[in-house]
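Read through the structures below before going on.
Common to both upcoming complexes is chain A, partnered first by chain B, then by chain C.
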Partner chain A sequence: MATEILQLIINGIMAGTILAVPAIGLTAIFAVLRFANFALASHATIGAFAGLVANVNFGLPVVPSLAFAFLAAGLVGLATDEFVLKPFRAAGFITTAIGSIALTIALENVVRFIFGNELRGYDLPIRRDWRFEGIRIGPQQVENLAIAVAVMAAVFLFLMLTRTGKAMRAVADNPMLANIKGINAEMVARIVSFVGMGLAGLGGMLIGLDTTIDPLTGFRAILSIFAAAVVGGLGSIPGAVVGALTVGIGEELSLLFLSPNYRSAVGFFTILLVLIFRPRGILGQRAF
Partner chain B sequence: MENYLVAMAVSAGIFALMALGMNVIWGMAGLINLGLVGFFGVGAYVSALLTLKLQFPISVGIALGTAAAAAVGAVVALVTVRLKGDYLAIVTLGFAETVRLVASNEIWLTNGTDGLSGIARPFGASLAPVQFNLFYLCLVAALVTVLFVLVDRLSHSPFARVLRAIREDEQVAAVAGKHVILFKVKAFAFGSAALGLAGALYGHYTSYIAPDIFVPLLTLYIKLALMVGGVGNSLGAVVGAVVVVTFLESTRFVTPLIPGLSHVQGAALREFLISVSLLVILRFRQQGILPEARAHPVVPTLTSESRLR
Partner chain C sequence: MSDNTISRRHALQGVAALAAGSIAAPAIVRAQAGALQLGVLTPLTGAGGFDGPRMLKAMQAVAAEVNAAGGLLGRQIALIVEDDQTNPEAAVRAARKLIDVSKVPVIMGTWASAVTSAVAPVCWESKTFLTTVSGADSITLLPHQGYLIRTQPNNHLQAAKHAEFMASIGAKRVFCLSIQAPFSVPTQKRLAEVLPQGGSELVGALIYEKDKTTYRSEIDQALRTKPDFLYLNGYAPDVTVLLRDLYRAGFDGGRMTQSYALTSKVLESLPPEVTEGAYTTQPSADVESPAFARAAKRLGIDDQDSYETQATDWISLVCLTIAKAKEASGTALRENVRKISQGSGMKVYTAVDGLKALAEGKEINYEGASGPCDFTDIGDIIDCKFRYQRVAAAKFKFLKIA
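Take a look at the complex of A and B:
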């Protein structure tokens, strides 16, 4: 029993760390642009498929394929935000949220049109799981974990040290004051759309590396991603990490008493519990 | 062909019921509900299961399905009463997904993703298919008329005035001595009842329901109907439903015209066209074809909402 629980917690940490990548993307977009961008689902799918093309069709290894996933989803995110979602923001968050759902269905169907509905898998070397005292760990999972941690570290350094990162935090904190200081909010919005959706795409591929992908990959993950961001406090980047680990471990531990099919309902109930008792999430609504 | 047109009219009627229900929740009370398929599904499954497994009469099944959706709506409203905006959007979307998960996984009850078939049709045994379609059209049309009159009367009542006040500013409504929570719960329950009724009617018409019918795309269809007709306008909701069903069906004829498309590609193209047209309407025709009556603008205009924020 103890090993079983330990195994579930380890699985949960690995799943949660991967989940943190798109959750950071979502929460960063919310911090700067102030709306819940449901289009994240299709961008995760686009990233997963872009990575698939790089990995299977061009024969690239995993890490360059992930970079390709980031770039493709980021560019699509930049373009769709500029031409589709930006005009909605003036009309308020309801319109923008609905617009982002319509956008996500449109993009998902572009992927379906090109790739069809079949399940597809990445070209990965087959490796034996490591075993310690009854605990099983897959080398690919550890590699994914390391990549996710490295990506997060890069995001934190970007926000802490670069001028652009500081400008993003300033706009998230107080858009009016940032404007007075001469920060170009339009440019910051573009950068956050590119980076946020890029992270979504990278996260989509990381999620897909463990299993298979199809055009609904992003949509299936969206509830867990939103749960992670909301649990930690929408708009807070460290919160997204804490939230993702909470949701990841919670989803795995739920396997002790729930059928695996209900895994994604765990995210929903975590959201409900947290919102009832702490409406602004565990770490509150601060950007950083 | 006539049969097909009647079937289209029936689905337009079912869409109109949902649009009218959403008009109360979204248009009047200003509450976002992205999980409307969840309530539709509750109504459909409760009525189908009661008539299939317990041999309830169809009318009782539909009534109880409607009541169940209303009860679930009241519970969801109570739980989410402190949530606004984006958070409410996420939670209602999550609710609908959870309903779909339950419907797909409780196989002993719902037959899982295979769905429930052989749901009883009213007078299905004694009527020929053509007659049955016509009968069902009359039934749905009658219910749409009743609900239309109800919602229209409601929108001129003091109850709806309070709802609009809550939508504009909850605190002011509370200061004026209105029990905000009670009003929100009532509005949500009433709207959910209409959604549940639509679901139950759908099940007894097609005699087959499955979890993959309750996808978020259906939510978009209803939003599209409301946007086309003008949110907050009851007549607009009905007109919008007719326009959307006509449009949805016409895309069915467009895709086969393009040579060399596989079945999946055709379906993807259809969904793409539908979602893009919603985006276009959202962008360029916020007020819909039939804008809301001037006396009580139901959706805040661009300026008033940005001012509120």
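Take a look at the complex of A and C:
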């Protein structure tokens, strides 16, 4: 039983860590622009496909392909925010969020138009899991975990140490005060759109590395990503990490007493529970 | 003379009024008056996105052949196509559009059982005929009042055949992993009933959620029962993940799944070692029937699968029934489909041949490319063959049709 619980916790950490990367993107965009950008789903898909092109067509290894995924999704995110979602913002946050759903469906179909519906896989060797005392861990998962942790560390260092990162935090915490201090909110919005959607793209590829991808890759993950961000505290970047791990581990541990077909329900019960007792999420809504 | 002048003037006025009326009428009204519209609702995207477009092509090929031979009830056929997205909500919206806007008498093509379960009530409530490939037993048990037929063997029959096959190749301890779908529990129950008849047993079963990026924990749960064979009862996106996770977990036993979950495209997307030795099965087209040969020629492909042949049969059955009933309505289809699909009439193998025979006043029995196309009272087919394949070096190796 102890081995089983430990295995489930490890599986949950692995799943949660990968979920955390796009969840950071979602929450960072919310922190600065104050709307839930559901277009994150299609940007995760775009990143996964951009990474596929880099890896399969250009023959690049995983890490440069991930950089390509980040860049492609980030640039598309920047362009779509500038030309599509920015005009929506004047009509209010709900309109913008709904507009982002329309945007994500449109982009998903652009991907479908270009790449078709088929499942596609990265050009990676598949390896058997390592086994230690009855616990099994996948080498690819460990690599994904390391990449996700490194990306998260880079995001935190960016926010803590760079002038742009501090400007983002300032706008997220108090846009009016940031404006008085001379921070260009428009520029910060562009940067957060680029970085947020870049992280979504990177997360999309990380999901794909472990499985296969198709135009619905991002859409399939968006509810769990959203759950992670809300549980942690929508707008809180460390909260996204805590939320992703909570959802990941919670869903896995539920298998001890529930049938696997109720796994997602656990994530959403967790949202309800957390929001009943902590309406602003586990870590609140302070960006950092 | 004056009479002639007046009548010509009146005639000209009449023509002008007709022309003005037809220009003023909405496009959809003009289209209805022209072509006979038949609804198609296949999955062009989503998990069924591999099969749906091919099914559509098969129907378009038959429609083109019927149109070239003079059409149906003196009108050309027009297929009004919607994408069900392999998604029940999207499918219901699309079905409503086909029924309420295009006023089609029939909807052909739903693929996933969950989609068909959602669309069927919309159809029978509006007296629209529905043809489907969905296999869940529950579908023909719905109170559809006869407004539904399926050319796919029901789940009860499929699960029994699959269990017999697994036992025949030496599987002793079978575990079933099913996606959450209407067919999951009935399949698991049927496997448990039939496997012991071949000296095998179902050591466990679980139902997993779709759209997960990993099924490691589900695999762990299955492997704890020490199975030597796994029956993967899902769709391509999740079966792909299961196969990968099984390889990683070091499982070297047998695996079997439906052909729609392990397609040639899926084989290309996975490393060869992940799929090596996996068995696939599907209801088979009747490859020796004349209808199959004619459909192959029409489509220009030799190896059409069961779904393509079933789509060929739907539109053929629909055309022949409309011709038999001399009326294009859902109720006419319901009342007359069995009059041309079974019985002692002259055997016909294509829609065009059948239309010709009906025009000559003959009784017909359509024998399809997918099988005999004889239906029970609740809309299930009575008989069907199955095709078995095994993966070797990332290619399908044909085993048998039985």
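Definition applied: the second predicted complex is superposed on the first by the 282 of 288 C-alpha atoms of A that agree within 3 Å, B and C clash if a C-alpha of one lies under 4 Å from a C-alpha of the other, contacts with A are read in each partner's own complex, and residues count from 1 in each chain.
Rule of thumb we're sticking to: a residue touches a chain if its C-beta (ideal position, glycine included) is under 8 Å from a C-beta of that chain, and two chains touch if they have at least 3 such contacts.
Because the structure is predicted, anything quoted here is derived from the model rather than measured.
Asker: Give one word, clash or fit, describing how chain B and chain C relate on chain A after superposing.
Answerer: On the superposed model, which is not a single observed complex, chain B and chain C clash.
Asker: After superposition on the shared chain, which partner residues are touched by A:Asn261: those of chain B (first), chain C (second), both, or neither?
Answerer: both
Asker: After lining up the shared chain so the two structures overlap, which partner does A:Glu252 touch, if you call chain B first and chain C second: first, second, both or neither?
Answerer: After superposition on chain A, A:Glu252 lies in contact with chain C alone.
Asker: Counting only touches as set out at the top, which of chain B and chain C does A:Arg112 meet: first, second, both, neither?
Answerer: A:Arg112 sits against chain B and chain C alike.
Asker: Applying the document's definition of touch, where does A:Ala90 land relative to chain B and chain C: first, second, both, or neither?
Answerer: first
Asker: Contacts for A:Gly134 in the overlay, against chain B (first) and chain C (second): which applies, first, second, both or neither?
Answerer: In the superposition, A:Gly134 contacts neither chain B nor chain C.
Asker: Quick check for you: in the superposed arrangement, does A:Pro64 touch first (chain B), second (chain C), both or neither?
Answerer: It touches nothing on chain B or chain C.
Asker: Given the touch rule stated above, what does A:Ala221 touch, chain B (first), chain C (second), both, or neither?
Answerer: A:Ala221: touches chain C, not chain B.
Asker: Chain B: which of 37-45, 73-81, 91-99 or 109-117 bumps into chain C?
Answerer: Stretch 109-117 of chain B has C-alpha atoms clashing with chain C.
Asker: For chain A, give the residues common to its interface with chain B and its interface with chain C.
Answerer: 112, 117, 259, 261-262, 264
Asker: Give the list of chain B residues in touch with chain A in this complex.
Answerer: 32, 34, 79-80, 82-83, 85-87, 89-91, 93-95, 97-98, 101, 104-105, 216-217, 219-220, 223, 262, 264-265, 267-269, 271-272, 274-276, 278-279, 282-283, 286, 300, 302, 305-306, 309
Asker: Give every residue of chain C touching chain A within the complex, in rising order.
Answerer: 44-46, 49-50, 180, 206-209, 211-218, 220-221, 236-237, 240-241, 244, 247-250, 265-266, 268-271, 273-274
Asker: Chain C touches which residues of chain A in the complex?
Answerer: Touch list, chain A to chain C: 4, 7-8, 11, 14-15, 18, 112, 117-121, 124-129, 131, 136, 138, 140, 207, 210-212, 214-216, 220-221, 252, 255, 259-264.
Asker: For chain A, which residues count as touching chain B in their complex?
Answerer: Counting only chain A, the residues touching chain B are 30, 35-36, 38, 84, 87-88, 90-95, 97-99, 101-103, 105-106, 108-110, 112-113, 116-117, 223, 226-227, 230, 234, 259, 261-262, 264-265, 267-268, 271-272, 275-276, 279.
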